[in-house]
Each structure stands twice: as structure tokens, then as C-alpha cells.
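Below you'll find the structures, each written out as C-alpha cells.
Each of the two complexes below includes subunit A, the first together with subunit B, the second together with subunit C.
Now for the complex of A and B:
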């Protein structure tokens, strides 16, 4: 039985000032999954956090899609975004928010890539599953708020790698 | 790793522990279609986490459920709850006295082209004083179709879990499906 410690921190960005987009680049392919944890707030209220990925450069084409499930304290609903330019993967408001985004099997070159994300803020809890229709390994990740809302200073984004035996 | 981060991880499908407490145990990547995947050697941890990507080998545009059986128990000793979204509405369900744990609608058939994903936590799996609980986050998106949801299941047995079998609700797992088992230590 092989066993080895993993869930390794790869990079952490703590914003010193408001910033629209955070990029993680040159990500090693030596892990199986990536987990991005975002804690902080934005300059507006209740925005979706979206992600774009790529190999060498970010894919800004309409090659992404998302299915999501929302609870707002009153109702549970579901929605979808197809042939979009990013995956909706988290949630953030201007008070306090957390999101965890899993980039599953990100470095294989045989399958389209699926992202599983969950976000919580003062208004909503949301779970997302998103697809990047490309078999390339992911080594670059962008995250930003919808509607061009900045991440606030003090927001922390930490990227972890999980390596399977 | 701060206690705040640990709390977030533990509550949001990324359960992890203190430094060096999250360990890779075993991984199965399918080189050909296969009806089930089993893990039989994972003693010594407090919790287990299974992370998987899955596709059905069935040619079609439908979706299969992921079934989970422990300790080769095929009796009606399990129960399930789920809440999932299909892109237009949310669906909640519960079923008692069934013959497996379940993560619904997470395995796409081949026409969908994508792979479904799931993160499953089997909590306190060695404890012999209580029934065992599984919770999962999972889904699959196929650009215009798909599902995403939250799932939990109960095994009504106090025995320690010593084996885990994963199987699709029908047909086989397709080539490239991957199942990675991790252990989380306590103190």
C-alpha cells in the first residue's frame, strides 16, 4: 500500500490592494488535483467568482460551461451557462466570503477538464460544476469576479496540490 | 495551515488536517472499461477522502449514478439523501433501506464527452460505536447539460469499514476514469 503526505501548498497571494484578476502560472503538473481556497471580500456585493484556465496562456474563448445549484435561505434553484468564456466557480460579497475550487485531474492530456467549486457569502451558498472543453494540461489559472468587480485588499488565495499514489 | 483554513476545508468538501496528515493511499486509473473498482487496504486513518473522475462506457447522452458498497454488504442497510441541480431546477430526495450508498447522476455516458467528478468523505470509518456516514460533492457539466449536487448516505452498521466497492448504476466505468483514495489522520 503506497502512502505519502500530500495536500501541498503551491502558492499564496494576499492582496495588498484591490485587484481585478489573480493569476497562477507555471503550475507544476506533478499533482493530480488542484484546490484553490479563496477567503476575502470584494468591492461590491454578491458576485460570482469565475475561473479561466490554459496551457501556457489563458483560453479566453467560449470553451467553458457551468451547471450550478443555489440556496439563498428561502429557495433552492439551479442554472446553467453554456459556451461561455469562463467557469463560474465561487461566490464573493463585500463582507466575508469563502470559496473552494477543485481542478480535478488537471494535468492529464486525455480528457476534458472538470472543475468542482463551492462558494459561500452573506447572500448565497452555491455549488458549481464546470467544464473546459480542451484536453490540454492546465498550468495557468485566472480567477476574477464577474462584472469586473475587484477583489478587496486582504483577500487571500491559496493554491494546493494533491498528488495521488 | 491555520485553524481557520482547516475549518473551511473540513466543511466544504476539501477535508484536510494538520501538516502531513493528508496522505495518498491508493489510486486506480482504468486502462479499459471496468464494472467496478475496489479498495481493500486503508487502515490507520481517522477519515477517508475519495476523489474521482468518471465516465460511463455506455454510448449515449444519459447519466449514471455512482453506487458505493462497504464491507461487501449488499443488504438493504443503507439510506441516502440528495439535493441536486439540473440546470433549471433543484431536486431533493431521500430513500431509506436501500442496498448502497449513492452519488446521483455524476457519471456521464460517452456522447457527453466530459467526465463527472466527485469528492467523497467517509467520516470516522473505523469507529465501532456508531453507524457510518458518507457525504459527497459531485457533478458533471457537458456544455448544455449536466448535474451538480450534495449527497449523503448512511450505512447502518457499527463495524469498521475495511473495504469499499465503487460501481456505476449500470454498465461499466470507461477508460481513463480515475479513483484516488486519501487518508486523513487524527491526533
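Now for the complex of A and C:
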């Protein structure tokens, strides 16, 4: 069957060696939403994956917030972080992990931007919602592990564009 | 750029239902797979049924972390099977609303790679009769083999009823 026309690869990175941060820049504004798929592992302990965004340059200010729901196999809990310098959006351990991060309506210039993130690893399943308090279009994205833990070699990060029409 | 959300194969249960949905000889040419399922169990006795995944003909080497909301509370539990969904069932207790099917989406990244495999699953058994379930599942398969076949079966060996469906899509990053 012919493919749909709305799941277009924008950029992909397969890490040849351990790396702390992956940046996607000069992202076209022609899609409706963005989806970032991260499959792989990190170099050491179980960590959250965070994202920062910007227009032209990454916003490293305290302009982000996150609310999350976590299951650890025993308890279901929820928490949040406000006035933070990044959005918590995924999860990665040192065995095998999957994170799916959606940047909603990323190119509009009238609303703050919502990010939906899902993290899955051997210890936790987490659903996140994050907010970037800026009306600028997103054309640059950073992702990295908390606590400066590297993504391991072989980890694949692919950014897709989703178009409504 | 190329379109990259490609239907690989689909299956629909006919009259009498089916014991499993089986996808074999999966091409190794995609980056990721997405499996979407609408299913209901033929189980008519008490208790609950689930849907489980087998990979390359094996039900072994799975573990999962489940995060579950039932309309009253949220809980989390671990497991050691390929559970991907809880299923409405045709009869027995609890009694599910007729004609309701569980909806499930499974994302399988790097399925052709040589690392252990981690999957992201969203599933629900929304209905109007009893408690509904919304589940987020992190499923782990501790094998490095490339995935060449996938099977979906009831955890209690019941059939998946008529009109249950499964669709397998390939996602390419180039």
C-alpha cells in the first residue's frame, strides 16, 4: 500500500560513539507537528532524557515546565518541575530504551509550545507533558540525558515531520 | 522526501475469530515498526483476558513495567510476559459492553538491529459497563536477534473475536 504523506524523516542520527547532546537545527516550519524517536541506550545509569528548544538558538533559560506520571512496577506517582531549564521528555537506561517525543504545533508564532513525551526502559514507564513558554516557532531542538550521561554508540535518533495536509 | 509510514500487512478476524494474528517474513528494510490492534477476546468465563506478543516464535525473554489507570486509581506493576493489552471479553464476569474492542498501539524501534529490544505501548479497554483500563507499558525483550515475525495471542488461549484487526506498519528514516 502506498505510504501516507505525513510521516516524513527530517533528520536522523545514528551515534558512532558516545555523545552527550544531539542537536537538530534548521528545522523546516512546513509541518504541523514533530515526532522524535529515540531508540538505544545510554552509557551508564538510568536517566531522564530532556529536551530544550529554540528559534535560531537553544533557549537555556528557566522557561520550561514538565508534569509527569511514572510507573516503576510498584507505585504510580506524579510530579512536576516548573521554571526549569529544560523539559523532561523521555527515559533511557544502559540496556535498551525507547522514547517518543512529540512537539505539537511547533511552528506557530502565537502560542506557547507543548511537548508530549513518553519514556520506556527496564525500570520505568513515564508519560510527560512539557511547556516552553515562548511563542516563537521551534526550529532547533536539543536532547540529552540528565546528569551529563552520554547516549551510547548505536543509539538512533530520528526527527519526523507530521503534516496535517 | 520519501513517504515512510508504510503498511506492511494487516489481518482481520473472520467469523468464529482467530487464535492469533501472525506477521511473518517481516522485511528488514525499515527503521522501526508500528503495530496497531483492535481486539476483543472470545472468553466467556470469569476473570480477565489479555493480549500477548510473541517474537520470532518465542514467548520467552520478556519483561514489562505497566502503568495503569482504571477510573478510580492508578497503579504500577511489573511482569515477565509479552503482555501488550487487557482485552474486553465476550462474556462472563466482568461483563464488558458489547462490541467494544481494546485499542492498542505498539512502537518497536530498531527492530532489525542487534541490540536488546525496547517497545512503547499505549492501550485501553474503554467501555460503558465496568471499569475501563488505560495502560502505558514499557515492554522489554532481552534478545539481540532481529525481529522477523510477530504473533499476537490471547493470554488465556481464547480466540480474538470476529472483526478484531491488526495492522503492521514500517517506518523509514530515509
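Assume the second predicted complex is superposed on the first by the 161 of 165 C-alpha atoms of A that agree within 3 Å, B and C clash if a C-alpha of one lies under 4 Å from a C-alpha of the other, contacts with A are read in each partner's own complex, and residues count from 1 in each chain.
Definition applied: a residue touches a chain if its C-beta (ideal position, glycine included) is under 8 Å from a C-beta of that chain, and two chains touch if they have at least 3 such contacts.
Computed from a prediction, not measured in an experiment: that's the story for all the values here.
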When subunit B and subunit C are modelled together on subunit A, clash or fit: clash
Touching partner for A:40 - first (subunit B), second (subunit C), both, neither: second
Subunit B versus subunit C as contact partner of A:154, first or second or both or neither: second
Which superposed partner A:72 touches (first subunit B, second subunit C, both, neither): second
Touching partner for A:122 - first (subunit B), second (subunit C), both, neither: second
First (subunit B), second (subunit C), both or neither touched by A:82: first
A:110 touches, of subunit B and subunit C: first, second, both or neither? first
Touched partner set for A:100, first subunit B, second subunit C, both or neither: both
Touched partner set for A:12, first subunit B, second subunit C, both or neither: second
First, second, both or neither for A:164, with subunit B first and subunit C second: first
Subunit B collision site on subunit C, chosen from 25-33, 43-51 or 151-159, when both complexes are overlaid on chain A: 25-33
Set of subunit A residues, in rising order, touched by both subunit B and subunit C: 1-7, 9, 37, 39, 69-70, 75-76, 98, 100, 118, 120, 127, 158
Of all residues in subunit C, those that touch subunit A in their complex: 1-7, 31-32, 63, 65-69, 73-78, 107, 109-110, 113, 115-120, 122, 136-140, 142, 171-174
Residues of subunit A defined as touching subunit B within the complex: 1-7, 9, 32-33, 35, 37, 39, 65-70, 75-80, 82-83, 98, 100, 102, 104-105, 108, 110-112, 114, 116, 118, 120, 127-131, 133, 158, 162-165
Interfacial residue positions of subunit B with respect to subunit A in the complex: 1, 4-5, 8-9, 12-14, 16, 20-27, 41-42, 51, 53, 55, 83-90, 92, 113-119, 137-144, 146-150, 176, 178, 180, 182-183
Complex contact set, residues of subunit A against subunit C: 1-10, 12, 37-41, 69-76, 95-100, 118-127, 154, 156, 158, 160
